[in-house]
Structure formats: C-alpha cells, structure tokens
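Right after this note come the structures.
Presented sequentially are two complexes of chain A, the first with chain B as partner and the second with chain C.
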Partner chain A sequence: MRGAFKTLLYLAAAAALAYPLTPFRDVYVLHVLVLIMVYMVLAMGLNILPGFCGLLDLGFVGFYGIGAYTAGLLTIHYNMSFWLIVPLAAVNGAFFGVMLGVPTLRLVGDYFAIVTFGFSELVVLFLTNEIWLTRGPLGVPGIAPVSIDATWLATLLGVDSRWRYAFRGEVPYFYLGLLMVILVYCGMRRLEDSRLGRAWLAIREDPMAAASCGVDLLAYKVIAFAVSAGIGAMAGAFFARWTLFISPDMFKFWESFLVLCMVVLGGLGNINGALVGAVILIALGELLRVALPRLGLPTETRFLAYGLIMVLIMRFRPGGIFTQVAETTMQSGLIKELRARLAARRTA
Partner chain B sequence: MDAILKVEGVSKRFGGLLALGDVSFAVERGAIMGLIGPNGAGKTTMFNCVAGIYKPTEGRILFAADDAQRDVAGRKPERMTALGVARTFQNIRLFASLTVLDNVRIGRHCRTAANFFGAVLRTRSQRAEERRIVDDAMECLDFVGLGEAALSQASSLSYGDQRRLEIARALATQPRLLLLDEPAAGMNPRETEALVDLIHAILARGVTVVLIEHDMKLVMRICKHLVVLDHGVKIADGTPQEVRANPDVIEAYLGKGAAHA
Partner chain C sequence: MFEQQLVNGFTLGLIYALIAVGYTMVYGVIELINFAHGEIYMLGAFLTLSCISMGLPLPLAVLLAMLATAAIGVLLDVVAYRPLREAPRLAALITAIGMSIFLQNLAMIIWGSRPLPFPRQALPAFFAEPALRFSEVTVTWMQIVIYVTALALMVGLNLVITKTRTGTAMRALAQNRTAAALMGINVNRVISFTFALGSGMGAVAGVMVSMYYNTMYPTMGYLAGVKAFAAAVLGGIGSVPGAMLGGVALGIAETLGAGYISSPYRDGVAYAVMILVIIFRPSGFLGRSMVEKA
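== the complex of A and B ==
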C-alpha cells in the first residue's frame, strides 16, 4: 500500500516536471504553479518561527516585501544579475530580521506577535511613503526578467558571441522556482536534523528546560528569525524578477495571514506540511477567484474561506495535516543505524 | 571540607515576599546533600538561584567546578549549564513531542559546536559531531536504563521513566553538580529503589548531587548532609541524626508544641 502510494507520488512528480514541456501546457496553469512554488518557499521560511520555535510571527510578509524591493531596486538602478541579487536580498532580509529580533525577541507570546504585526505594517508604510526610494504607491515597474549570461564563458573559450538567455514566459520560471523550492527544502531538512534545529524545537517545547540544557534562548531565536527572514526575502527577490512589477499593496498583512494558514494547515513544524499547505490554499484561492464572482460575491470574500478552514482545523485536527514534529530527523542515516543497533540488541 | 558549592547569605525577594532570607550552606564535593523543608519553604527557589533561573536579591553563590572558585550569582541558566550545573524539574519538563533520544541529544547542546553553516553544508566535522552526539546520548540513556526506548516519544514513557529521562538529559550536559528536584515524587517503591541505585551510580561518576525530596526515609538513608529550610530561612544544617533531633525541624514539620510532646 505504502509502496504503491510512493510510486504514484513519483509518477505525479514526473508528470508535473514534464508538464511545462508538453503541448497541453497552459500559461494560466503554469502561472499558478509558479505562484504555488513561491508560497512553498514562504511557508517553509515561516515554518521556522511558529513551527520550530513556537513563536507566532504575524509580520512575515514584511521580509518578503524587503526582499522584493531589494531585488526590484537593484535591478532597476544597477541592472544587477539575478544570481547576485538573490543572496543580497536574503542577507538584507536576514539583517532586518536581526534588527527586529534582537530588541523584540525578549517578548513572549502575544506581545511578540503584536510587534511583528506592527513591523509588517511599518514596511508597507515605508514602501508607500518613501517615494524617493520606492516610488510609493505607483510601485516599481519595468523590472528586467531573470537572465543567464554566459558571455564570460564564450570569451574564455575564444568564441566571439553573446551567450545570453533572458527568461521569457512561464516555463523557465517554473524550473527556476522548482530549483529554489528544492534547495530550500533540502536546507530546511538539514537544519531540522541538526544541533541548531534541535535547539529550536527545544525552545518550542519548553524554553526553561531548553535553557537548562545550555541553549541561549535569545541567540537561537534571533538566528531563527534571521534564517526565516532571509528565506522570505529570497522568495521576494524571485517574485520581483518574475512578476516584473512590485507595489506596496502586494505586501499587506493578508499575505502574512495566508502563509501562516498554510503552515498551520500543513502541520506546525512539519516541512512537508508547509508544502502541502501552500498547494491547497493557493489552489483554493484560484478556485474561489473563479467561483466567487459567479455567486455575486467580491473576490476578497475568499479570506472568509481561509478563516473557516482555520476554525475547522483548530476544531478537528489542531496538529494540522501532518502532525509529526521533527519528521525528517527520524529518516536520517544515523537514526536508521541506531534502530538497527537497537533491534540487534533486542534479539541478542 | 572541599566544597563544590558555597551559598553565602542568599536572599530572594519577589516584591514584598521574602522567598529566601539570608541562607548559607556548603555542599561537599562528591557527596549527596539533601535540601528539605515543608511546602513553600523556598527549596525550589534555592535551586532556581543556583541554576541561574533567578538572580538572588542578595548574597553570593560560589561554585568551584574544579579548583577555581567563582561567584556565579545571577549568571544565566545556559552559562551555569556550561559551567557544570545541571538540574531536573519538580514538575517534569521534557520536550514532550520529541523522541527520548532527541531529549538527551539536546542535553549535549552545550558541549557541541556545530552552527548554521555546518548544518546546511553538512561539513565533515559536523557529521562526525552528530555521530558523537548520538553515541554520547545513547551512553546516558543506557546509564539510566532507557536505551531500549531511545526512539519512542518522550511523552509515551511512564512517569518514573520520564523522571529518569530528565536525569539522563541532565547528565548529557556533563555536570559536576546535579540538582534533583523531587526525583522520587510519584514513583512506586520499586522505582524508588532503582532511583537510589541510580543516584549512587551518578555519584560514582564523580558528580556531586543535591536533592530536594519529601520522602524522609529516602533522604535519611542516602544523604550524609541535610539542610532544612522553613519559610525561606535555614533552620537546621547537619547530619540526618542531628537534623532529626532538632526541635525547630520537628516544629516546622509537625507544628508548635510537637517538639515538647
């Protein structure tokens, strides 16, 4: 049963991989798939805070916005390469994460959530009002798409031509987004199954006991905040170079709430859950976008559906779809080895 | 006396409440000391001061992991753990949804070093360290007799086993001084017997033990030295025989007039 399910999953993954190259591809579907991948990265990034550390962060979208504007402005003014911009945006997001985290992570529970909420509002106000930098509510249009420039390689090989490929349409973004999701996913798995990840989970489970084990609570919360913010900013950088236009109202509070819903729906602290949560809620959002106007309702009412989902999850399955915490840890080679050792000991 | 811990004139105030008033005592290296007293006497507050959770309002706490003695009053809990003070909690505080092994692996935190980059890049030294962490954690689990349960969820253990797991987690920090807060609470007689053996085995590892305990029979049996607190004040300090005969102690436990009856 389990084996059959796995085979089915692999087949579905292979079909999804090949889809953009088939003649059945549809621009709208591809667009939604890329959007799902952006939210997958966001959900994995946010998962670190409420999922691993037990910190309610309502201002995650602030870092997403910082990343998007960092990428957008660097592209507009300096025409910088995407491959350079992504790490810069991530570092910039992490920097703001530390700036916000150091003074506020001493707060606990609801107080911390309120501060993060205020931060994301602050980011939107800054983007709206500091017109000299961000052009305000007009947004930043005309951002160049991602391109791969290998002219240096051509020069190196002595070929006199420009080896430059600029992304057009959704297909290359699909594969670029996939690459980003896979990299972040692998990184998250490695973090979860490490000294750092265990310290985070200890903070979530019991801060006092964690401190008694030698975990410096403030330091590890700040690291979590920085990593989470960095991933959020990275997704923002991708978003800016994909939609080619950004404006402050793309980074309103609702986005934070949506990403939080994905993490809670998937299962707090479960990386696979974050991915599944992103798929479900983005797909649902697109369905509602079509269905609601037919019912004579404005599309904004879709937030009612998200709220309803949250209420139902809290009532019937408070742990989310995947309830297992530290799931990837149990799949690591060391644990498998230990399991075999324990089994051998039992039979001896 | 070679003291691993000297508490000198420690007071702790919470607003108008005096939880500890000018308490002084010393803990001999390599011995078991008992800290006893009626409910609300300030025993756990004393532990929290030594473990760094509370900063004493007044007084000095001198800790000598090896030779050098230093005043550690007001240091943070993670610093105290690094210096060699570990503790268990009165109301068990395990990482409930993690495995037994992970609980103890977190105990290795302060003796290991891998950081963010090591974790993401899986460097050779990080992988070697992870392997050592598993081995050290398993050693601690086998020591308390929970090796077989390493991969079960911590919250699935029986009450007595959860207390043993807390001890294993504390031992994983390689302490010189172990503070046990009511380790026998909720244990049946057989589990208590096993606990006595375990405490002696811990002592044999060169770890000094201080325990808070309400089970007087247990305390009188395994401690060479007792300190009695009542209403935040030390009322007796000495061998079990001396303490048992002390009229203040009898009064604190049984009420006024009991000593004369």
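== the complex of A and C ==
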C-alpha cells in the first residue's frame, strides 16, 4: 500500500514536471504554479521562526519586499545579472534581519511579534514615500526578465556568437522556481537535523533548558532571523524578475498573514506542511477569485476564508492538518531516540 | 499653528486612548493582544450608521452600537479565545489575528468595501461651528463633545475598576489568575465583563472618529488598532491610566510629527514609538514590566 502510494506520488511529480512542455499547458495554470512556488519558498523561510524557534514573526513580508526592491532597483539601474542579484538580495535581507533581530530578539512572545509587525509597516511606508529611490506608489515597472548569458563561454571556446537566453513566458520560470524550491527545501531539511536546527528546536521547546545546556539563545535566534530574512528576500528577488513590476502595496501585512496561514495550516515547524499549505491556500485563493464575484462579493473577501481557517486550525488541529507528516519529517536518529525515551517515561 | 496642532492632536489622542484601554484591560486579565479589538472599533462605527439609517437618534444609536459591540466582544472571547486559554500563547495570538481578518471581511460583505460618509443629518447643526476661538486656535463643538464624552467615559471606567466589586475582581485577576479563582472569583465571567467594557469603549471611539473625519470603511480598524496598541504600550500595557496617558501622548506626537517633521510618515510615528518603547522602556509610562526577556 505504501509502495503503491509512493509510486503514485512519483508519477504525479513526473507529470507535474513534464506539464509545461506538453501541448496541454495553459499560461494561467503555469502562472499559478509559479506563484505557488514563490509562496512555498516564503512559507519555508517563515517556518524557521514560528516553527523551529517558536517566535511569531508578523513582519516577514518586509524582507520579501526588501528582496524584491533590491532586485528591481539593481536591475533597472545597473542591469545586473539575476544570478548575481539573488545572493545580493538574500544578503541584504539577512542584513536587515540582523539589524532588526539583535535589539529585538531578546523579547519573546507577543512583543517580538509586534515589533516585527511595526518593522514591516515601516518598510512599506519607506517604499511608498522615498520616491527618489523607489518611485513611491507608482512602483518600479520595466524590470528586465531573467537571462542566462553564456557569451563568455562562447568566447572562451572561440565561437563567435552570443549565447544568451532571456526568459520569456512562464515555462522557464516554472523550472527556475522549481530549482529554487528544491534548493531551499534541501537546505531546510539539512538545517533541521543539524546542530543549528536542534538548537532552534530546543529554544522552541524550553528556552531555559536550552540555555542551561549551553545554547546561546540570542545568537541562535539572530541566525534564525537572518536565514529566514535571507530566504524571504531571495523569494522577493525571484518575484521581481518574474512579474517585472513591483509596487509597495504588494508587500502589505496581508501577505505576511497569508504566509503565516500557510505555515500554520501545514503545521508549525513542518517543512512538508509548509509546501502543502502554500499549494492549498494559493489554489483556494484562485478558486475564490473566480467564485466570489459570481456570488456578488468583492474578491478581497477571500481573506474571510483565510481568517476562518486560521481560527479553526488553531482550535481543532493546532499541529496543522498533517500532524503525521510532521512526525515523519524528522530524520535525525538522535532526536527520534530521545523522543521515544521521553514518550516511554511519560507513559511509565 | 502650533496650538492648533496641539488641539487636534489632543482630540485624536483621546480617541486613541479610548481604544487603548480595551487592549490594555484585556492584556491585563488574559495576557493576550486582542488583535480583533480594532475591528470592534470599526463595527462600532458601522453599527451606529445602521442604527441611524433605521431612524434612531444619535445618542440612542451610539448606545445600541455600544451594547451590540460589547456582545460581539464577549462572543469573540467565548468562541475564539476561551477554548485556547491553556494552549500556547502563539495559538491564541494567531487566532486573534484570524478573527481580526474575519471580522474585517465580514464587515466588507455587509457594508461594502467603499468608504461611507457619516450621516450628517444625524448630527446637530452646531457641531461644525467653532465653540471657542483664541486668536488662531479654533475648537469646534464636535471636538468639545469628543472631549467631554471621552473624559466622562474614562472617569467612569476608572470608577468601575477601582470602586466596584467586579473591578476589584478584574484587578485581582490581572495579578494572579489562580489565586483569584481560589478566592471565589468567577474568572470567565470577569473576563467576559472585561471584553464587554473594552469593546463598548472601542465602539464609542469608532463613532467619534467616523464623525470627526466624516468617513468609515471596513479596514479602518487596522491602523487605528495598531496605533491604539502603540498607545497602550507607551502607557504601560496592563495599566488603564497609562493607556489614557499613552493615547493622548501618541495623538499629540503624531500630529506634531506630521506637522513639523514629515507628513507622509505620519503613521510611522506610531510604529517608531511602539518599537522604541518596547525595546528601551517596556514598562511604558505607568506599567510594570511585562516583557519577558530571554
């Protein structure tokens, strides 16, 4: 049964992979799929804070915005390559993460949440009002799409031609997004079972016990914040070079809420859950976008459903809808053994 | 000019203070940032509008809206927060955000997403006229009404908290819930009372803002809620007089900031105040420090 399920899963993955190359492909569907991938990366990035460290971050979209604007502005002013911009945007996001994190990560609980919220609102205000830099509410249009320039390779090989491929349409972005999701996913899986990840989980379970075991709380939290911010900024850079237009109102609080909702839906601290949460909520959003006007309601009211989902999940399934999946995510033998011993002692 | 800014800031500040007491009281008794409080304030404005359009006079409409929002506040607690009382704090906080968004969108479905004007015909004609005029400063009758109502409500609230049995129970709960329960206090009833009281205050603030700016819209609770929360933090979260002081201080700071520093960053004043206070003086003006530090 499990084997058959796995085979089915692989088949589905293969079908999804091949879909953009088949003649049945549809631009709209592809667009939604790429959007899902952006949110998958965001959800995995956010998951580090409330999921691994137990810190509620309400300002995640601030880093997403910083990444997107870093990418957008570097592209239109310096025409920099996407492959250079992504690390730069991630570093810039992480830099702001550290700047915000060092003074505020001493706070816990609600206060930390509020400070991050204030930060993301300040980011939006800055993007709206510093017109000299960001063009303000008009946004930044005309960002060049991603391109791969291999002319240097051609000259190296002595071929006299321009090997340059500019991304057009959704298909190349589909694969680029997939690459990004896979990279972040693998990184997260490795992080979760690393020394760093164990320290984070220890902080989440019991900060005092963690500190007495030699975990430097502030340092590990700042690292978590920086990594999370860097991933958010990376997703922002991709987003900017994909939609080719960014404006401040794309980075409002609701986006933070939406990403948080995905993480909560999938189960806090559950990487697979974050992916599933992104798929469900973006798909739901698209469905409601079609369904709501038919009922004579504005499309913004789809947030009604999101709010309700959040409340119901917290009430009835606080571990997310996939608690079983959450338990199988952990691969570290050490932690599994410790958990088993703890469970045995509890029942005894 | 400066004096006029001061007058306008004071008006705004009193309104923030009325919302802030709701945050601070709820935080005092259950240590939860009730994110949905901003939506209660918005509902106060819209429910008043609905009552007026049914032909009720303004004072009656406001009173009914207060009662209705008090009921909504209690319902919010019973349905959403009470089941999570023993759950991790994160769960309750996420629920609060969820409820906030739910209520906001519900209002959008009921009243539409476009801003509505406050029904002028329900206001007495003299409201817009200046009541006091010193050389360059004018205070309108509407501002006077706002001052009187807000101050009366706050004095009344303070009396309720300090003089009545339920108020004493509230303060006992804020100090130690278990001990309060052991003394025979019906904890859930007192919490419901706190929600009702805070929501009623918030509703009045909503009416006054929509009257003052002559507009109301379903998302109005968001920004006002954040600012009032900043005011509560500034005054010291958990302290009712602190929330009043914090509200007035924030209102004046915001108006002066907009007038003399930079008007596009008007809303930034509240965020900056909030962040700085939380980092450097988490106990605010009058509160005891509730910020746990790791």
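Criterion: the second predicted complex is superposed on the first by the 323 of 348 C-alpha atoms of A that agree within 3 Å, B and C clash if a C-alpha of one lies under 4 Å from a C-alpha of the other, contacts with A are read in each partner's own complex, and residues count from 1 in each chain.
Going forward, contacts are C-beta pairs under 8 Å (C-beta built on N, C-alpha and C of every residue); 3 or more make two chains touch, one makes a residue touch a chain.
Quick caveat, the model's predicted, so the values are computed rather than measured.
Trainee: In the overlay, answer first, second, both or neither for which of chain B and chain C A:A199 touches.
Mentor: First partner only, chain B.
Trainee: Of the two partner chains, chain B (first) and chain C (second), which one does A:V86 touch, if any: first, second, both, or neither?
Mentor: It touches nothing on chain B or chain C.
Trainee: For A:F119 in the superposed arrangement: first (chain B), second (chain C), both or neither?
Mentor: So A:F119 only meets chain C here.
Trainee: Determine, for the superposed model, which of the two partners chain B and chain C contacts more residues of chain A.
Mentor: C
Trainee: Going by the contact rule set out at the top, does A:L46 touch chain B (first), chain C (second), both, or neither?
Mentor: Touch partners of A:L46: none, neither chain B nor chain C.
Trainee: Contacts for A:V227 in the overlay, against chain B (first) and chain C (second): which applies, first, second, both or neither?
Mentor: Touch partner of A:V227: chain B, not chain C.
Trainee: Give one of first, second, both or neither to describe whether A:L338 is in contact with chain B, with chain C, with both, or with none.
Mentor: first
Trainee: A:T104 contacts which: chain B (first), chain C (second), both, neither?
Mentor: Second partner only.
Trainee: Once the two structures are superposed, pull the chain A residues common to the chain B and chain C interfaces.
Mentor: On chain A, the overlap between the chain B and chain C contacts is residues 211, 217.
Trainee: Where on chain A does chain C make contact in their complex?
Mentor: 50, 54, 56, 58, 103-111, 113-115, 117-119, 121-122, 125, 128-129, 207, 211, 217-218, 221, 253-254, 257, 260, 264, 268, 297-298, 300-301, 303-304, 306-311, 314-315, 318
Trainee: Give every residue of chain A touching chain B within the complex, in rising order.
Mentor: Listed in rising order, the residues are 187, 190-191, 194-199, 201-202, 205-206, 208-217, 223, 227, 325-326, 329-330, 334-335, 338-339, 342, 345-346.
Trainee: Can you list the residues on chain B that touch chain A in the complex?
Mentor: Listed in rising order, the residues are 51, 53, 76-78, 81-82, 86-87, 89, 93-99, 101-102, 105-107, 109-116, 118-120, 122, 126, 129-131, 133-134, 138, 147-148, 150-151, 169-170, 172-173.
Trainee: Can you list the residues on chain C that touch chain A in the complex?
Mentor: Within the complex, chain C touches chain A at residues 31-33, 80, 83-84, 87-95, 97-106, 108-109, 112-113, 222, 226, 229-230, 233, 262, 264-265, 267-268, 271-272, 274-275, 278-279, 282, 291-294.
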